[in-house]
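Heads up: the structure comes next, in structure tokens.
Note that the chains take the letters A, B and C in the order they are written out, and that residue 1 is the start of every chain.
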Amino acid sequence: MRVAGWALLVVVLLGVPWVMGEYFVNLGSQILIAAIFAASLNLLVGYGGLPSLGHAAWLGLAAYISAWMSLKLGLGHWITAPAAILGTALVACVFGWISLRATGLGFLMLTLALSQVLWGTAYRWVAVTDGDNGLRGLSRPAPFGLSLDGATAFYYFCLAITVLAIALMAMFVASPFGAALRGTRDQPRRMGALGHDVWLIRWITFVYSAFWGGVSGLLFVYYNKYIHPASLSIQSSAEGLLGVIAGGSGTLAGPIVGAAIVMLLKNYVSAYIERWNMLLGFVFVFIVIFMPEGVVPGLKRLWSRWRRK
Amino acid sequence: MTAALSIQNLKKSFGGLPATNDVSMDVTPGERRLIIGPNGAGKTTLFNLITGDLRRDSGAIRLFGEEISRLAPHQRAHRGLARTYQIITLFQKDSLEHNLVLSLLGLSKSRWDAFRPIARFGALNDEARRVLGLVGLGHLAKRPIGEVSYGEKRRVEIAMALAQKPKLLLLDEPLAGLSREERAAMKELIAGIPREVTVVMIEHDMDTALDLAERITVLHYGKVIVEGTRAEVVADPKTREVYLGD
Amino acid sequence: MQYWTIQTLNSLALGGLLFLLAAGFSIIFGLMRIANLTHGSMYMLGAYAGASVLTGGLRVRVPGSDLALFLVASGFLLLFGVMRLARLRQRTMVYALGAYALVAVAACALMLRTPGSAFEGAITLPDFARNMWIAVAAGALLVGVFGVALERLILRELTGNALGQVLVTLGISFIVADFCLMVWGGDPIPVPTPPSLQAPLRVGSVAFPTYRLVVLVIAVVTAVALYLLMDRTRVGAMIRAGVDDPQMARAVGIPVSKLFTAVFCLGAALAGAGGIIGGPIMSAYPGLDADMLPLALIVVMLGGVGSLLGAFVGSFLTGAIYTFGTALLPDLAYVILFLPMIFVIAFRPRGLFGRQTV
């Protein structure tokens, strides 16, 4: 039944380029990239109970590694892509070890602080990252010789990767490891007493979540053909977290819906006001206060409470 | 014969206050040991030290001869230690069956499987239902924990511990909060635990607990005051002192 | 010699500013378990407010749509917060908020019919007001009041939801940062050093930058004052009790609620004051909040949560590492900055002097 719902969604998404113009196809690619970003963050936040404000680090790191290797070393995508993911995963191993020295708020602050290291370094290590100029003039890969420069081609590429990502994450979540992860979220002490290595479960999840964050980073840099330190900022992490919260962190589908909402809002609003950051802040505050479990469950709850009174 | 549990000169203080003050005790395999003492005597602290939830200041803890005081809680579980908690720490939103599955996974290699859906692990699910049947809760296997009664939750606690086929089982106030009928049922359950499992129990309810115990250790202010068989402890004047205050 | 003197004083001054910033953050986190991510933007708000006082006033030109967004959204939050304080019934609140939303949307629609409309205004200050004392007072007062509003109207709503509180402070930090951008524009505003402190202090052959010395002195005086407050007064004892064990503190009758608001206000005011005191050194610019917040986090995690001594030691340590790190290895200064914190956390999760594990 659930699989049918997902399958239907994929079919609908496949049809987008046939029905809508290039602007919407590009928007679709952006939404898919944001969906992978938010879903990977949710593995940590929703399933692991470990809220992180440093997820943009993985997007940025993978993007910068790929960009730098293409531009400065002239390597092809078939080398830079795995190298970028591997590099991101290695840094995640270290950052995960450090961050997991604490839990709860301490963990949150450590993830924030650590991703700020990368953000600040991206600005200052001008020799490597070109600082505030960012790295530009990048190219998209051409798997099996097919060009991804066209909006539609790239959209289908993103869709394929997104489907793969979500499918693997779904497997992860439904597996014994996923069940154990949720157990560590709900009753960490009990899980330890039952024989589960809580720290190791969390650390593995951290690295796995960073892996997919890195994948979204690669798609991001391919889409924009450009990477700038701002993509590593706390705003960037916050947008992902907002997607998770807005959509609801309890499910796999929630963050995807949330990411779509955030992306649509961002695109739509930017046409009218310059104050995206302010709006982001207000939306954050509103959702946390009025609908912390997500927009859809929250609306349902408010509606039923209204009707009961 | 190697003691199931051997504690030597165990000490633990919290900011100068000794919660466990030079405790030593030996529990023979298969024994039913009861630990009693007034509130604040350090009973749960002792349990937490044995399970590894707390780190000791000094002293030795041996499980079937093996020193375990440096091991993390999950490592101790792998060496045959299981426990129930005073407060309900079950997975409220999950079904009884799922709670048992998590317990079974704790010692199973499958817990690292991140690919196959858990629903496909037939053996695991069957065993979970079997253990639930042992405690008389088989018919509630699919219900979420949040929906069953307090007495039933307590039985799930015991089931989760028994599911791991432990060598040493620590029961932290298993009768707390239960009605008279529930206590009788729980007593029967505990009495029915196989002899391969050594049971150490903390309890307040004297009447019921005394029946289950073979040897009793009385704690007060973190120290062992009296230890012996039921008859010896009941007769000892120090026991009365501890409870009536002097 | 001169170079190293200047660098040392730079590092001490930065340490002093960090102390003003981190002390508040540490106490708020220690007492209320709120990781106040708005702290960086409070610092920035104080810097901008003080800068305007010192430069004699403020000219504002804000696009109508932007101002509308800000006023409508904050009005909604204010209304909600005030109604919660007044303990109105849920139904009344929903009606009131709904009515507000409708009126606001209608007003915006009317106003935005003329595209390109903008709000223009100016505040000019009399000359005598253009001094540092008034600037610091203005910064501290403005940010302090903002802090009280934030704590009472919004954070109160989320008691018990630690993550929610953090996320809300994050959201508010974005709002404040964008507000500053909206009101003061994108160009950095240099803050003039008070004329009486412009001349360097000459000792022998070495010239000390006077203002940086003054910042150091202010920080030390503040540290001593805070220490006396914590150690010698009843209020301080109550705060320390609350940091050690909030439940117990409530149980013995400590007015935890009022204490929370007071502490939050104090922390905010310190941050705001710090912003303007640091003005002549750092100026007021967009992104100041994003630069300062991680430094505050480092100091608090390095020094230990809820510990004044930790904040003091951590601030000067961090100031030194940042200053000398930037001087010696500008590209990787940011990495070097975080290393001690990472090192400390790895081996001692509660920080150097902390009493709670984070």
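General remarks:
To be clear about the criterion, contacts are C-beta pairs under 8 Å (C-beta built on N, C-alpha and C of every residue); 3 or more make two chains touch, one makes a residue touch a chain.
All of these numbers come straight from a predicted model, not from anything done at the bench.
In this assembly, C is the chain whose CA centroid lies farthest from the centroid of chain B.
Each chain gets a centre from its C-alpha atoms; the one nearest the centre of all protein C-alpha atoms is A. The chain pair with more C-beta contacts between its two chains, of A-B and A-C, is A-C. One simple way to say how far apart two chains are is to compare their mean CA positions; for chain B and chain C this gives 49 Å. Separating the centre of chain A from that of chain B, both taken as means of CA atoms, is a distance of 42 Å.
Mean C-alpha positions place chain A and chain C at a centre distance of 30 Å. Here chain B touches chain A in the complex through residues 51-53, 72-74, 77-78, 82-83, 85, 89-93, 98, 101-103, 105-107, 110-119, 121, 160, 164, going by the rule given at the top. In the complex of the two chains, the chain A residues touching chain B come out as 171-172, 174-180, 183, 186-187, 189-198. Chain A makes touch with chain C in their complex at residues 51, 53, 97-98, 101-102, 104-106, 108-110, 112-114, 116-117, 120-121, 123-127, 233-235, 238, 241, 245, 272-275, 277-285, 288-289, 292, 306, 309.
Listed in rising order, the residues of chain C touching chain A in the complex are 29, 33, 35, 37, 63, 65-66, 69-70, 73, 77, 80, 90-91, 94, 154, 157-158, 161-164, 166-168, 170-175, 177-179, 181-182, 290, 294, 297-298, 301, 330-335, 337-338, 341-342, 345-346, 349, 357-358.
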